[in-house]
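Next, two complexes with chain A in common: one pairs it with chain B, the other with chain C.
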Partner chain A sequence: MATQSPSLSSLEADVLVIGGGSTGVGVARDAALRGFSTILVERSDLADGTTGRFHGLLHSGGRYAVKDPSAARECIAENRILRLTAADCVEDTGGLFVSTPWDDPEYGDQFLQGCKATGVPAEEIPVAEALRREPRVNPDIRRAFLVPDAALDPWKLVWGCARSAEEHGARILPYCRVLYLEMDGDRVVGADVRNERSGEEFRIHATVVINAAGAWAGQIADLARCTVNVRAGMGLMIAMNHRLVHMCVNRCKRPADGDILLPLRTACVIGTTDVFVPDPDQTEIRQEDIDLLLDEGEKLVPGFRQARALHAWAGVRPLFEDTAKVAETRDVTRSHALLDHSSREGVAGFLTITGGKTTTFRLMAEAAVDAACRQLGGPRPCRTADVPLSGSENHALYQISHRLAEREPVPQAEEIICECELITRSRLEDTIKQRDTTSLDDIRRLLRLAMGPCQGGFCIYRAAGILHQGGHVDQAGANQTLLDFLEERWKGVHPILHGDQLRQARLDDWIFQGILDVEHVPV
Partner chain B sequence: MNDAIRDSLDHCVKCTVCESFCPVSQVTPLFPGPKYAGPQAERYRGAGPSADSSVDYCSGCGICTQVCPQDVKIAEINSRARAALWEKRGVPLRNQLIARPTVIGRLGTPVAPLANWALHNRTVRGVVQSVIGIHRDAPMPSFAGRTFQRRSRSHHGPSAGPAVVYFHGCGTNYYEPRVGEMLVAVLEHNGFRVIVPPQDCCGLPLQSNGNFPAARTYVRRLVDRLAPHARAGLPIVSNSTSCGLMLKREAHEILGIEDDDLAIVSKSMYDVCEFLLGLHERGELRTDFNSLPLTIPYHAPCQQRGHGIGKPALDLLALVPDLNMIELDVDCCGIAGTYGLKKEKYDISMAVGKRLFDDIAATGSRVAACDSETCRWQITHGTGVKSVHPIELLYRAYGLGRNRSVPVKAGRPTAQVNA
Partner chain C sequence: MSYDTVVVGAGLAGLTAALRLSERGQHVLIVARGVGATHLAPATVDVLGYLGDTQVASPAASLPGLSNGHPYGHVPVDQLTTALAWFCAHTAALGYAGGPGENLLLPTALGVPKPSALAPRSMAGGDLRAGGRFVFVGFKGFKDFHPTLIAANLARARLPLSIEARALELEPPPTRRGDLSGRVMAGRFDNEQLTDWLVHALEHRVEPDERIGVPAVLGLRSDAPWQELEKRLQRKVFEVATLPPSVPGIRLFQALSAALRSGGVRMVFGVTAVGARINAGRIEAVEVANATGTHAYPVTSVVLASGGFASGGLELDSFGTTRETVFDLPLSGLPEGHRVRFAPRYFDEQPLATAGVATDDLLRPVDGSSRPVYENLHAAGAILAGATPWKEKSGTGISVATGYAAAEGILVPAAAPVSEAVR
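== the complex of A and B ==
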């Protein structure tokens, strides 16, 4: 299973993938589907880096149609593929580009031209029709365009790819950090890896090592004395309590801060900002950025500032720049970069795939594995555009009401553990067993545990109890995992605390401090 | 566009107060509870109908909204979800039928004896249950035969005095015209001239059965009849708790009608006891009450909470010498309008009402008082005790039953009937 610790002190594979975001699992799945023996290592949990922190937009390409046509072309092609192969991860919300009073309506013409030139289906609709579809959108918009944007569940996608890779023989090893790359002369031949949970170190021999570490790709390349200039563009997002819009609503202007509001599962997400950060592990949520997003939200949806914000978080985009310095991170192309270090630095057996975006992860993986094939004895055809993930075989797209529908007909004997996200006890227990994890945050990413309005106030102590009851942790361990989780959640809650969420936080606080006295539990 | 009902879900902190007060989820697992069906499920609702057909088991009593300390419009969220559900599925014949009291009233009134026989005949009711789905034991009122509208046309009233408009509703018109006559007599005793405009159903049963478009048509039609009076500055009184609430709040808050006529009608609407208590507070109510040496249990209908007026009937009846009202501490009788008529919900409705029935029985009284007509029918059905509108007690305390021939005899019509 996905998270079993490797017991061997050394492993062997055709392909070693470093990085467990969408790109990494995409590469691992692609390689496994082509019949290569494949191992993936990720320093923490899958999708814990950029992928799990992106806004969730499956781009139609509209956003890039004017200034980055090649990215737009890639987006629409991948959008169509993912709707078929990863249907269960995609909700067909549709997208709307609107010209608010703050946007030049003439940009709409450029937008339409750009969409036409790049093959992104876009259709101008009357403002009244747009407002009928999205009644909360600013009634003063002057133009509106429909595009096939969609919402993409990053965790489902990543785990779907990981499981598919495993079904085809790959080993997926989360919480395994690369310490060194093994060199044989000018050739990378594997990696020394440490299991971050057990502390055990082991070696993986591989014919080709693919660096899919995204914003961290430069750090990995350093281990082979190669250079990869990836800048980390930090983007801030805020999840709102419920869907204020049911389509992905974009400002029709050149991409800028706070110009996307999209429904993602039960919440809706406003994003983003774009700030260069020197270290992708050091992201800081600044109050002025929160204010900026809320103000921009207010322009799209009047009343936005009164709506309940649940959580704020930052992700880092891997922005690859090969040449001169670019001042603005938004001006870096959103197309991906595939670097073969044998031609760049004379280091064989080592490829880096970075840049890009989650929408195009499959294409990136295809390019990387195509390149790997050249070092592995010749081309083998890529199958990821045709083979659906399990759960998506019938191409049935995800719908918002799925979890509610599963609870019908009532009565159902089973307890609901997380009321906000409708997670039943058995689903929670099955996931704990499957993942063999004691981290409530790992469970959160798989199930959306504690991601609703109360942010874990009512479910997370139940989940900790279930971990203990199932024998996965002892008492102290259960307490510790509860505390770890609360600390992690708090990071995202405190920057947006006001109004309803502040009231919720007080109630949660009474539960954890007043009833459970969490600060004094034995750990 | 604001969506105040949905937006109110943001205030939910999941405290569960609503769940502990919900009379329905306390007696059946078929309704997952107001917090679940309301602010929680609403987050899973998109443009189409909701996936949780269990929301149909909400009786719409509205207690959840009233007890919510965070001001979440729980019952309203549920009400809209039900409407979306039925809009998609099509409202079944049974619900279409019981939601149109004027249609039933017009059909039943001319053949009242026959209709009443049928309504209370076990065999007929058995057939109705299996064909249409109205429970064979559900409480059904009897057609009066002669409607309140017809009676009021031949009523002698004062030709002078301050005017008040009477919205009597369907229950009074077709089943309990005596209550209407007593209400008119009480107002006239206090010097008012009572105007009874022609009127139709307010649309509430259609709303609670999920047919919002038809409900809007009905309430708009009724508002058209009442608005000219409201614009003339006349107060409108009602003895139907839920129909009055429809005009006061729900047509706007649940059906989403934005309309000046509705707004002025809403402002002019009074529950009749609220109106009379207002008179008393201004020193304008006649207090020439005779002694009524009775002890009577009183149930405040759950819909009355939505009025935000307390329990004015109790304050009024406290003015009556020797009348001892026992205030019952039960939220809901279970009927919730048409909910308890339905085959699949009758047992739930009776289980909800059980505590009330037991409490009334424990008083040993042969009469109970309650403002809402469907609740009175349910109380009588559940206890065998006669149930009366508080206005009837005031009527008797004023001695009006002895002084005037009842029912009012035909004669020169003086009560204005405005078209």
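== the complex of A and C ==
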């Protein structure tokens, strides 16, 4: 994908989408499939906002079955759609709700009723059967229920939507930040954007501007003197080495902190928490939240605290607040909010879509583009429920073993740059070329480079060398991206460093500071 | 069977202590869970490369600048000098040269000049201090060495005399294995005609005044391939240390274990020291666990050389408590408060960096009031408190110096009156 900046000083489109998370790329793809000329701008890399920092659950709806039936209905409907249209992003792990000794077993009855009422398939199974499937789960659980939860890969999903949008003529511009919205009277007619890599500023004219900036949607709305109250709810997650569980294991109780443990590729992730933060860009990880997650993990999987914690990170939920003023369309549910600012504040050409979940991103996008159609000359049918992403045409769900399967026919055929994630040299080189990027962190998000147990101890020197050798960066650039990567990685490593992972970190200290002496590299 | 000394750990510190003790007539047993950092680290002996942000030209002259409580505080400079000379003498097959007086500056695999006090002859030719012309040679298909980046960085490095550096990539004869580790590459130099190939590949591509840097994979068994290359190419050839596993480090381990074996030292791998039997302030026996159970070895003296966090000698649990894992010794250098929080920036000073056991001048671990915990327990290497060796570039130097000094501490007659009686 071409991610260079447009060298033009101004661009034009029917639809300008602000934000490159699941919502934004969903909107861009939907609009492009309906034949609108579309541009998306993202201030950072795609999926570098909440979407790339979420927990990873493709909800079955079970979690909301009791508390929020309409959200549950949306989830199961979208779950079914994404299994077909985004199959390659979905690992069909299945979900398990369990009543641990800390949970009221009676809640299981409410749970089953709620699932039944909302159409979420749920089945109670004997505890022995649950433990056979998940041998590490607390043997003292009292009840267990199966639901169709699954694991969802946010990067694949976001890049898949972005590529599909591009195939249908859209322009996707990462590292382009909206600075101002351009107004013509009480109409939004475009945006002033800065390319964060080159510093160049340019203008995009659009008939409709769709604000899909997630927890930052309030900041974007301010630029048009509109009000969107999104509360930023920070949630913490910790990735543990190995798949301690193979299904998405939920506590069977009212949703609370630290009650889901799900497999993610070769690791598993516990989450999450919910703490209000005044600024979505300030997400400091607190020790008490780490302890909370480790303690809750211990309840689900005894011995959790001795397992190896790889990485901690936080995401910010966009929680939409003033429901009073949104009651203008059928599209407002408690789970997401579509705001047409012409009816709210009299500002035309400007919509906000926020809140919600990644599971329901497609539905949110459909609602937003339906509303945009009204300002673009009439309805056009949405096609995203039927047209699969490329790579998902045969509806084959992702399998954990796929990289191994790709490699196996020709054993040891070529260099493996990242052993943890089985990334070959050619795959790395192709990605560098396709993305035209020189940032190891961008590459990480695309390939999961350095996301395994060693957290880049070995592959990052190799990748920097390959970037330099291929002429993609000069020596200073290679050094800088290596140093940046080490700092970035440390952010997620230092809060949870203990046990075997401290051992690993010390080995990495010795590799980078002892063997290579990266600290004294010329930059 | 009873031993004069049981050494816990087979890293550089444990191997050094054991060899020195056996050479002085002791009956020594090494127990180790596995091999130590020798198999991972460059085989140089780095005594002191940085004091804070300042590069050190002469370790001996800079040692007094180290803070109180640094392991070198227990090793007088003349003893350090003796230890390094002793080390060179006992690794003669690898031709170690240098001393504490001045540091070599050897290029890293990232092209950074790094100070080391001793280097094996196969690496010493990379010394950048005299300036000159260098060519760095990579092997296609070997992912752990990137000569273009090395050459580009070295060309911009701050050095006493100017250098020129360029990169060359060669394609070795094909092999069925596409994904090559340093170990596999080294095996090819041992067993195939790779040295021959390299001579032919380089002969006409290297200028007469160029020194030739290659990844440190020139043979596992010995440095014979390096010797042959120098002889046939008539130029200085040198190995550059790269990502683990470390081929020169494995050679070093082999050289030291050969010396230990011929000195009658017994080495037991795959076992874990789990504690001690204590009597009247002394360790009577070391408890060692293997797959079938725990065995107690009666001893006169003990050397704890179990390494730091990297090798499991120290451990931090998820509640924030740090422990010495074999004898539960008191630790020094722990941050205040009950929980460890690491600094948010990677290169900042990190808590726990200097954590470890503090000792007296005989290298005996001491408690909070500076008294030896056990009269006959000595410690050496990365388990010691007070250093940040990856920043100072002092890890292997501390291991050799304190391994030697711990042995001397045991050999001092006054330190072991009881042991004489027991014998």
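Quick note on the criterion: the second predicted complex is superposed on the first by the 507 of 523 C-alpha atoms of A that agree within 3 Å, B and C clash if a C-alpha of one lies under 4 Å from a C-alpha of the other, contacts with A are read in each partner's own complex, and residues count from 1 in each chain.
Heads up, the rule we're going with is that contacts are C-beta pairs under 8 Å (C-beta built on N, C-alpha and C of every residue); 3 or more make two chains touch, one makes a residue touch a chain.
Treat the numbers as computed from the prediction; the structure is a model and nothing was measured.
Novice: Between chain B and chain C, whom does A:374 touch in the aligned arrangement: first, second, both, or neither?
Specialist: In the superposed model, A:374 contacts neither chain B nor chain C.
Novice: A:509 contacts which: chain B (first), chain C (second), both, neither?
Specialist: The second partner, chain C, only.
Novice: Please determine whether it is chain B or chain C that touches the greater number of chain A residues.
Specialist: After superposing on chain A, more of chain A is contacted by C.
Novice: Taking the superposition as given, does A:458 touch the first partner, chain B, the second, chain C, both, or neither?
Specialist: both
Novice: Using the superposition on chain A described above, determine whether A:478 touches chain B (first), chain C (second), both, or neither.
Specialist: second
Novice: Name the contact category of A:243: first (chain B only), second (chain C only), both, or neither.
Specialist: The first partner, chain B, only.
Novice: After lining up the shared chain so the two structures overlap, which partner does A:80 touch, if you call chain B first and chain C second: first, second, both or neither?
Specialist: Neither chain B nor chain C is touched by A:80.
Novice: Touching A:468, do we find chain B (first), chain C (second), both, or neither?
Specialist: second
Novice: Go through the superposed model and pick first if A:433 touches only chain B, second if only chain C, both, or neither.
Specialist: In the superposed model, A:433 contacts neither chain B nor chain C.
Novice: After superposition on the shared chain, which partner residues are touched by A:487: those of chain B (first), chain C (second), both, or neither?
Specialist: After superposition on chain A, A:487 lies in contact with chain C alone.
Novice: Taking the two structures together, which residues of chain A meet both chain B and chain C?
Specialist: 458, 503, 507.
Novice: Once bound in the complex, which stretches of chain C touch chain A?
Specialist: Residues 37, 40-42, 108-114, 141-146, 148-149, 152-153, 156-158, 176-180, 241-244, 308-312, 315-320, 339, 341-347, 352, 389-391, 393, 395 of chain C touch chain A in their complex.
Novice: State the interface residues of chain A toward chain B in the complex, per the touch definition above.
Specialist: Against chain B, the touching part of chain A is residues 131, 135-136, 139, 241-243, 246, 266-267, 303, 307-308, 399-405, 407-411, 419-420, 422, 452-454, 457-458, 500, 503-504, 507.
Novice: Touching chain A in the complex: which residues of chain B?
Specialist: 1-3, 6-7, 9-15, 29-32, 35-36, 39-48, 50-54, 57, 70
Novice: Can you tell me which positions in chain A touch chain C when the two form their complex?
Specialist: Per the touch definition, chain A meets chain C at residues 287, 294, 305-306, 309, 412-417, 425, 458, 461-462, 464-466, 468-469, 474-475, 478-479, 486-487, 489-491, 494-495, 497-499, 502-503, 506-507, 509-511, 513-522.
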